[in-house]
Amino acid sequence: MKLSNIVEKLGGELLGDDTEVSSIKSLDLSTTEDLSFFSDIKLLKHLNSSNARAIIISKEHISLVQNKSLIVVEDPFLYYTFVSQILNPPKKLISGIKTTVVLGKNYNIASNCAIYDYVVIGDNFILGENSQIYPNVVIDDDVCIGKNVIIHSNVTIYSKVKIGDNTIIHSGAVIGADGFGYAPDKNKIRHKIPHVGGVTIGDNVEIGANTTIDRGTFAPTVIDDGVVIDNLVQIGHNVRVGKHSVIAGTTGIAGSVNIGEYCIIAGHVGIGDHVNICDHAVIAGFTGINKDINDVDIYKGTFPATKLRDYLKTAAYIKKIGELNSKIKNIEQQLNLLRKYNND
Amino acid sequence: MKLSNIVEKLGGELLGDDTEVSSIKSLDLSTTEDLSFFSDIKLLKHLNSSNARAIIISKEHISLVQNKSLIVVEDPFLYYTFVSQILNPPKKLISGIKTTVVLGKNYNIASNCAIYDYVVIGDNFILGENSQIYPNVVIDDDVCIGKNVIIHSNVTIYSKVKIGDNTIIHSGAVIGADGFGYAPDKNKIRHKIPHVGGVTIGDNVEIGANTTIDRGTFAPTVIDDGVVIDNLVQIGHNVRVGKHSVIAGTTGIAGSVNIGEYCIIAGHVGIGDHVNICDHAVIAGFTGINKDINDVDIYKGTFPATKLRDYLKTAAYIKKIGELNSKIKNIEQQLNLLRKYNND
Amino acid sequence: MKLSNIVEKLGGELLGDDTEVSSIKSLDLSTTEDLSFFSDIKLLKHLNSSNARAIIISKEHISLVQNKSLIVVEDPFLYYTFVSQILNPPKKLISGIKTTVVLGKNYNIASNCAIYDYVVIGDNFILGENSQIYPNVVIDDDVCIGKNVIIHSNVTIYSKVKIGDNTIIHSGAVIGADGFGYAPDKNKIRHKIPHVGGVTIGDNVEIGANTTIDRGTFAPTVIDDGVVIDNLVQIGHNVRVGKHSVIAGTTGIAGSVNIGEYCIIAGHVGIGDHVNICDHAVIAGFTGINKDINDVDIYKGTFPATKLRDYLKTAAYIKKIGELNSKIKNIEQQLNLLRKYNND
């Protein structure tokens, strides 16, 4: 692809030769055939030594490069992403429904969809244009999937799930399993609460591999437009995740949590049930949240990791921190007595 | 369904019209067709504004409601659960074994079971009455499953697994994979320890989506009757979970852990190997346990999540907590010297 | 199997009768037909009461056993592992490709491999000698798998994945899903970054059930030879795990983390993105790491779990630890003033 073609499609200013590039890579991995991008001043070392034929760069950094073609843009990282999307389009399955697909009663499948081998689908199924379902996916009754959706292999979708347009669900994800709700009796025996609420997933959502999203009790669990969820994330029943929020891997979100819009929940976070998190809040990795978050801020709660022997000392003192406090009070009192005495 | 029919089946006292209800919902979501329930005084606001036609309520709260039919019971939440179980029975697959099912040698499948498409089953298989196996499940040799069991889509069951009656296993769960055990040699190369113990799961157990339960080394890993396990939980080899205990999502339990009966292990908990947890213990969410728990109590170990800038200060002080302790000792000594001096 | 046969194969010295044993078990579980092993002085009680017919033991402990055959070796636990591997060989599927297997264009499958029912494989597939693929596995294009590999049921392998010899992948694992990378625009809308790097897994690797390993952005995510990874572990894009390192269950490793060789990462650990961990480092369970680890040591960061009422007090004090520090400074100043005054 010629640099001028890229600029034509995505904007930006071409400086230097209108050379041809075969792929786009990071500065350190680029060969002389590649386009690259400079998006972080920390990578200056790589910029100087890069073999890349051409560089996407911001105006302020032009002077750092000699003898290479440049595409000058406002946000090189975002621009790189768009170039990469053009050069690396997602695989498109061949349209059609394989003969091994098992379909239930009442379905409406747009003509240019692909449904691959050993997919099993229940009753009352809707699939929008251009959507692709990979092998061995199982979909239960009353599921409605929008346009340009990709459901990767071995995904399971329970009944009463709606999925919006352009959404991607990665392999092994389970959407709509029963919520974890039980009513205990006097003998502490739990009785299963039926969950009839389903799951509603918006447009432009991406859900990671082996992630689980439980169905709601009465109303659907909701993942709103533009939300991206990483691998091995648990989303409990009745949760609501607001637009354009992001949730990183191995995070667990208990039932009835309400996450606002544009939130960032980092990896390995735990959020207790019924917690509300305001729009634009950021939860740092490895943090446990069991109270509402009402202020836009970054929240963190990891005990700082230290060498074991230091940790053991610190941990011992922490357990005695109440004693330390008492000692300080006691010292303050004695000191006051002494001062009084000395002032007399 | 008429309220009198419900009372006939489940007990309780009907006050007001014997009206008909179509479904049961929470107070805020109920329409004028619905039965609802009042189980928590915090929901008084919703009780007052609810459109529900009839309310399940305890005797002490009757006076709070006007102009609605009431079912008066001891435990409205438990009663709601039973009503919902009647109004929302689990889907029943059509009995029979689909022609695409692959069966091994020697099987004993009760006549009214359902085994759906693309299920693959190994040798020596037993399946009790009324049990249902959803599509794309894989079951290895020597597996015995009881009555009224539901195995959801895409579950994998390795060899030598026993599953009791009325148990539900959600999609993507993996039961009986090899335990994570290796013998290191002098060169720190690990050699895989064979795991021949299998897994034994009791009656009335529910296992969440994508949860993994490893097989035992010599004897089975055991999940006892009435245990409920949420999604994305890891249960290591040789673990024993006692009757009616509950384990919430994204919790990891290492090998040879022994959890008593009626324990509550909340979400995102980590329990180290060989730990014993006594009956009725409660572990709060986001807590790491690496010592035996011998007293019935609630255990918690989350560093309190705070705003990042406060956290960073606190974390810095915590690392210096040993210094604080030394300073206090030093102050105490000086103070004693001063007091002695002043008393002389 | 006769003890002399074992010694012939694995070395060690046979003391006492050359008896026959049917299986190998731990001391407490052994019957009079079994061989057992004494590898830990803490199990002395079990040694004394064991029904085992013969014991694998080290020289120094010979005198502890009477009237049993002994195999005297340097490392009884490692020796037990090798015996168990002989007595419990992994199941071998019958060679051949089932007729329900769907194959793409261009494949090279060694003649003695087994590929079981409902496996779906994409284009350009290579499978080495003796490898076995269990039912319902899905493999995308451009995947190359070595010799003696076992891929268990319901695994998904995305495109551009290489797997070395003797590697085992457990059920539900997802190898090569898209990395969790997005470029945000001015409006905080995320744009998906294509991931073309694939995954490279070495020889003698074992990957646990429902574990996820994301593909790299430009170059592969790498799991080197001899690495063992437990269940429900998340490995982000561009991660590199060095030879013979071990990662326990429910651990999450964010993108671009570099883990050295011979590291031990215990269970329920979270490692933030771009962190480097030096060779031979040990991370204790339930620890969050967000800085490079450069010294070989054991690292731990769990807030010590305590009873809730103690925890609440401790947590309250911890939040005030800055105040404690100020108070101590203040006391020191006053004390110095007093001492000066008294010395005058």
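First chain written, first letter: the chains are A, B and C, and each begins at residue 1.
Keep this in mind: contacts are C-beta pairs under 8 Å (C-beta built on N, C-alpha and C of every residue); 3 or more make two chains touch, one makes a residue touch a chain.
All of these numbers come straight from a predicted model, not from anything done at the bench.
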(request) Determine how many degrees of rotation, between 0 and 180 and to the nearest 5, align the Cα atoms of chain A with the equivalent atoms in chain B. (result) 120
(message) Suppose you list every residue number at the chain B-chain C interface; are over half of them used by both chains (same) or under half (different)?
(response) different
(message) Averaging over Cα atoms per chain, report the distance between chain B and chain C in Å.
(response) 25
(request) Spell out, as numbers or ranges, the residues of chain B touching 2 or more other chains. (result) 118, 136, 154, 172, 210, 232, 250, 302-304, 306, 318, 321, 324, 328, 331, 335, 338, 342
(request) Please name which positions on chain C make contact with chain A in the complex. (result) 102, 118, 120, 136, 138, 140-141, 154, 156, 158-159, 172, 174, 177-178, 180, 182-186, 188-194, 196, 210, 212, 214, 217-219, 232, 234, 236, 250-252, 254, 270, 272, 283-284, 287-291, 295, 297-304, 306, 310, 313-314, 317-318, 320-321, 324, 327-328, 331, 334-335, 338, 341-342
(request) Could you pull out which chain A residues touch chain C in their complex? (result) 25-26, 29, 75, 77-78, 80-82, 84-85, 87-88, 90-91, 100, 116-118, 134-136, 152-154, 168, 170-172, 206, 208-210, 226, 228, 230-232, 244, 246, 248-250, 262, 266-268, 285-286, 302-308, 311-312, 315, 318-319, 321-322, 324-325, 328, 331-332, 335, 338-339, 342
